[in-house]
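What follows is a set of structures for review.
Each of the two complexes below includes chain A, the first together with chain B, the second together with chain C.
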Partner chain A sequence: MVDEVTRKTLSNIPLLKIKAGPRDKELWVERLKEEYQTLIKYVSANKAADNDWFRLESNKEGTKWFGKCWVIHELLKYEFDVEFDIAVTYPMTAPEIALPGLDGKTAKMYRGGKICLSDHFKPLWARNVPKFGIGHAMALGLGPWLAVEIPDLIAKGVISYKEKVAE
Partner chain B sequence: MADWEEVKRLAADFQKVQLSSTTQKLSERNCIEIVSWLLEKKMIDLIFTSDGKEYLTPSQLVQDIKSELYVNGGRINLVDLAKLIGVDLAHINAHINDVLKGQKDIHSVLGQLIDSSYITKIAGEINEKLIQQGQINVSKLTIQYDLPAEFLQQTIEKNLDKLIFGKQDKNDPRIFFTESFIARCKARIRGALGGLTRPTPVAAILAQIDITEKLFFSLFDQTSMYGNLTSRLAGAQYIPNVYARSQNEWVQNFYKQNGYVEFDALIRIGISDYKNYIKKQFANEKILQLNSCVVNQSILDRIEADIDECISSKSYVDLQTNLPSVFNENDIKLVLDKVLTNQKLQQTLVLNCFVISKAFIEKISKDCDELVKEKAKKSVESGKYQQYQTSLQVSHKSLKFDDVEEKVDKREERRKKAAGGKTGGGTQGRETKTKSTKKPGRTTTKQVDDFEEKKVVLNILTEEDLTSAIQMPLEEEGLDELMQPIIDYLLPKLNEQGIEIAGNIYATTIADRTANRRQTHNEIQNKLNVMVGDIRLYEKGLKLLPADCQAQLYKYLLKTHCTDVVTEILNYVAAEQNLNPVNENFNNDQRLKFINDLPQEYKTPLANLTKTLSGQSVDDFMAAVEEGLAACSMIIKKIDKKKDRTTILAHKHELLEKLNSCTDVALILHLAILVIFTTATQNMLHASGRHLSSLLTFLKQYLSEEEYSEFMLYYDFVTLMLAAGSESENAKEKLKEKYPNIVKIANEYKRPGAEK
Partner chain C sequence: MSAQKNVVVREKIDKMSSEVVDTNPYSRLMALKRMGIVDNYENIRNYTVAVVGVGGVGSVTAEMLTRCGIGRLILFDYDKVELANMNRLFFQPHQSGLSKVEAAAETLKHINPDVDIMTYNMNITTVDNFELFTKILTTSNLSNGPVDLVLSCVDNFEARFAINSACNEFNLSWFESGVSENAVSGHIQFIIPGETACFACAPPLIVASNIDEKTLKRDGVCAASLPTTMGIIAGFLVQNTLKHLLQFGQVTNYLGYSALTDFFPTMSLKPNPSCDDNQCRLRQKEYAAKPKPEVAVEAKEEDQPFHEDNEWGISLVDESVEVKDNKINVAEGVTLAYTVPKQESVEECEEATSSNKEISLDELMAQMKQI
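== the complex of A and B ==
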């Protein structure tokens, strides 16, 4: 089921067309192009809405992605590293986004800081192969997870605000 | 490898996009946060709209309210305002004061805002309406404009003569009208009132001219010169001056012409409060208020003159005909009260509506004088007067005894009287009746009447007597309708007079009687002596007869001669005691009763005497007589034997005389036998016809054979005749033939001894 919030988020992210993984040589390139275009759109839409919440870059092949993401809670900005690999099965399986900084701090996380995505994300992704890409994974996977977990973790005192986090 | 280049370029673009600065824009959420923070800190004052999505500053709200008011034509409901502006009603209410502050032309009325433009508008409307209708009521406007009366009142008053051209009703500030309307109404009222000639209820007038009651009454004073209102209330009547004037004229004319005014007539012409009216109308006149009318002095003078004349001419006046016909009896009474002075009152008699001079009545009563005298005499002679006197005394006495002897006595007395009244002859009974049916109170003797009615009434003159006596003269005068009252008036007087006359007559007789009393006493004594002597002789004769006859003859003797003696004694006693004289046919009971009423000195001897009458023995009677006479202070003379002979002889001669003059055949036999007995035995005998047969048998020894048989035959015929059988006529004839013979025998009979 696609709820209202999801639909709205999705409307800002263009859908992908090419179904190809990193092994698919030519097609992967095409796919990667689409991924970038999608991300650009998403990010610029976020910026326009004053809702910029992450930075991402990838290796040359576009199989490893890393960057930062942040949450503003009670007028304080909490920043976390984010990284994930594109598995060979991509785009059939969703990328496993990890927040290594929070590894071991919350139960909703696999070893290595991989976030435990909600139950309905995976079937949603499965239904939308190959239309969903990295942007969707960020928007529908990491975004909601952060929105739910971080205020909780802050309240528990697991994470605290660090002044002057290096930009 | 162009693809990879492209990828690289895209990656760079991506980085570039990510690094480009985010636009400095507050999200909606931030704005709300900021605003709420500011509100929290009370740094700004804002009003939320009802959907919560917008804020307003108070000054904006005030502005909005003003503009909405303007858009809505100067009048708007606060609830509507809240809806239109989209804020809560509470905010509107909170800021209404700000709106009103400094804005004198805006009013908040009943949850509505109204500004001066609207007021001007409705003032204009009201003015138009006022011009159209002529009159406007604030209460009606409140319904139309749905505004409070007070506000409208203020509005109108403020705009009076500025925007609204009219006048305020002085009596009712809520009503406004135009001059023209008032003029119109006045004209209408004037027209209506001018047209009326008779009293009319105001309601009827209002219905006709379609003007409200209030208006009518307030305008009436300004318009009315034609009449008056009975009151200022709803049920008032309008009385036109014309009508009142004609009424007054009529009353005055009538009064001047006739000298009186009848209340009924006043009511008829519509003056219901005639008493006040008359007071007003005839304030200067000398009038007399009567029961049904007022009357002026001239009529009274006339009546007075009439009465004077009546007195001087010794006649009568019929006021009913002399006064106007409307006068009722009460009026006449009142007039008489006024006119009749004390002096006149003594000279006149007022009966019904007639004033009769006393002289006239006297004339009539004089006519009756003869009659009264005659009647009085009669009543004395018949003893009625004496009876009346005694019963009067008895009743007086019983009255005196009342205190001592309780009422039983009185009741008994009355019962006796009642019994006496019943038995005492028809005339008296009827008289008592007529007396009681008579209306009491007419005459001055009322009290006496009442008193006498209870007691004893003696009417010398009966109503019928008087009626017949005065009918003629009264009819000649045309006064027959006054017959009854005149009789009522005269009868007691004449009766009194009659009783007086009777009293005089009686007194003279009594005087005679007392003068003769001694003589009477002697007379009676002698008479009684003679009677007692006779009885003794009779008894002596009786004793000659056989014993079986004697008892019967004793009884007969007691019943006849002895009873006579007793009656005589009682009569004497009655006269002596001034009691009712004893009747001849007194029976034993009546006698006893009479004796019971006597004083003690008489009571016992007389009671004993009376008792012997019903006994068997003449000897007892003789003893009792002696005793009784002693009580009456009389003496029985000593027996004189020489005198007996002469008495017997006289008796015989008397009998013979009777016999010779007698024609009754049966009596002849009786007398003949008695004569023979007397002659034969030289004794007197008193016997009834019943004893004749036994006497005959006794006389057989003294008679010759033929004489005896002649008597027996005659006796048989007599019995035959008295038996009234078929042969009685025949026997009578026979007796007529024979009686001279019997007479002859009796006359010629000689005592056998003497012959020898």
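== the complex of A and C ==
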């Protein structure tokens, strides 16, 4: 389900053109450039809108991604490690974003801390192959998941605020 | 399996015998020959089947094939046995913590030591593992050739897609199977590359569960499961595997199961000539060029996914409104999970990223880090 807010978010994320996966050698490099360009634009737009919420980087091949995402809840910042592999079937299938630190703490996860996406996400992705990329998966997959789950997990006392050691 | 007195260990048996004695584990299977159901039951020992995913469906599938005396069984999974799996068949609480393939192999070897079991504790969808996966599938039958059949018993879309790519690329026949996340419907689908629809030919099919979507609660859980539904689907899967390998009866192209209404839709699915998977299209060409020995079975014309012409871009956001129109009936009681707009050639668009030959990936990676 895409609401007004997401619609606006989406308008900040450029669409991708190259349909290539990690097995496609040279074409994958071009796709990867698109992914990075998209992410740079999206993260910059988030920053400009005072809505910065994640950082990502990848290995040289662009097949393993990792970084941080965070949620501000009642003026406190909760930060989580994010990671995912780019499957051989990407971009036909969406990346399976994982928050390994929350593995086992919520039922809205599959093994390894892979977040459980709404019924709407995969159809939406499938309809937009190859135009959607990692930025879209973050915005439409992880973003809404964090917005719902994190406040709930805090309320349940499953996660608690950790003071940053040595700023 | 715990240490008990009088533990019976079943010894290996060189040749399947039809002798009807209490000590012959194959007597009732070989009786299928005497009854005229199967001509050549002992041929089962020549076949190699790969089971991808050893969960609720895959483990039962593996046990059935083991009891049937399959020649070689290749198991893939990267998960561990957990107590949360105990609502399903096969695994036992004392196996918690073991890898699923390891735990399964141990039980299966006890049941029937004649079956050659190979196990791979790995995720097949990553780039490195996928290469290994295809190598195993193409070189692991009893004479080091391609496996005779691949059974997909995985629980996610990505792995199904990976199996589909591998089987299209290497021309391997496979069965897709699945149980819905609400545990009350399931299906099996036989995919012969080029001959029947592949997994990428159309969006996944959904067996109508006759539950009003609005009343279906998904609060706080990803998936439910029942040993019953999974056992039934595993049964369908192995039954059709036996029919295919031993050439008896008719192998079903698609068989669905709706638990709430005891409804079993079946149909044939033709491949999509404009399938996204180019290996599928290649296999279709090969198949079209092949002389057809048998009279073609009347295949039901598959409805092309209907869609309104959809200015691509952000209009996709209206999908919540479209939902009702999306329910295309493929056969009675079966619908496509969603519709996909016809692939337009991606045209130049102001929103699209400018594919920059000048800028290098390293520069972009560095830029990203600097934000």
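For the reader, a short list of remarks on this structure follows.
In this section, the second predicted complex is superposed on the first by the 161 of 167 C-alpha atoms of A that agree within 3 Å, B and C clash if a C-alpha of one lies under 4 Å from a C-alpha of the other, contacts with A are read in each partner's own complex, and residues count from 1 in each chain.
As a convention for this text, a contact is a pair of C-beta atoms (placed from the backbone, for glycine too) under 8 Å apart; a residue touches a chain by one contact, two chains touch by 3 or more.
Here the structure is a predicted model, which means the values were calculated and not measured.
Contacts of A:Pro14 after superposition: chain C is touched, whereas chain B is not reached.
Once the two complexes are overlaid on the shared chain, A:Ala49 sits against chain B while remaining clear of chain C.
Touch criterion met: A:Glu57 reaches chain B and chain C at once.
If you count the residues of chain A touched by chain B and by chain C, you find the higher number for C. Of the two partner chains, chain B is the only one that A:Glu26 touches; chain C does not reach it.
When both complexes are overlaid on chain A, the residue A:Ile154 reaches neither chain B nor chain C. Looking at the shared chain after the overlay, A:Lys122 reaches chain C, while chain B stays out of its contact range.
When the shared chain is aligned, chain C comes close enough to touch A:Thr93, but chain B does not.
Shared contact residues of chain A, touching chain B in one structure and chain C in the other: 29-30, 32-33, 36-37, 39-40, 43-44, 47, 55-58, 62. If you check the complex, the residues on chain A that touch chain C are 1-2, 6-7, 10-11, 14-19, 22-23, 29-30, 32-34, 36-40, 43-44, 47, 55-58, 61-63, 85-89, 92-93, 96, 107-111, 116, 119-120, 122-124, 126-131. Interface residues of chain A facing chain B in the complex, by the touch rule stated above, are 26, 29-30, 32-33, 36-37, 39-40, 43-44, 47-52, 55-58, 60, 62. Listed in rising order, the residues of chain B touching chain A in the complex are 3-4, 6-8, 10-11, 13-15, 17-18, 20, 22-27. In the complex of the two chains, the chain C residues touching chain A come out as 79, 125-127, 130, 156-158, 161-162, 165, 200, 203, 218, 220-222, 276, 312-314, 316-317, 319-320, 337-341, 346, 349, 351-356, 359, 361, 364-365, 367-369, 371.
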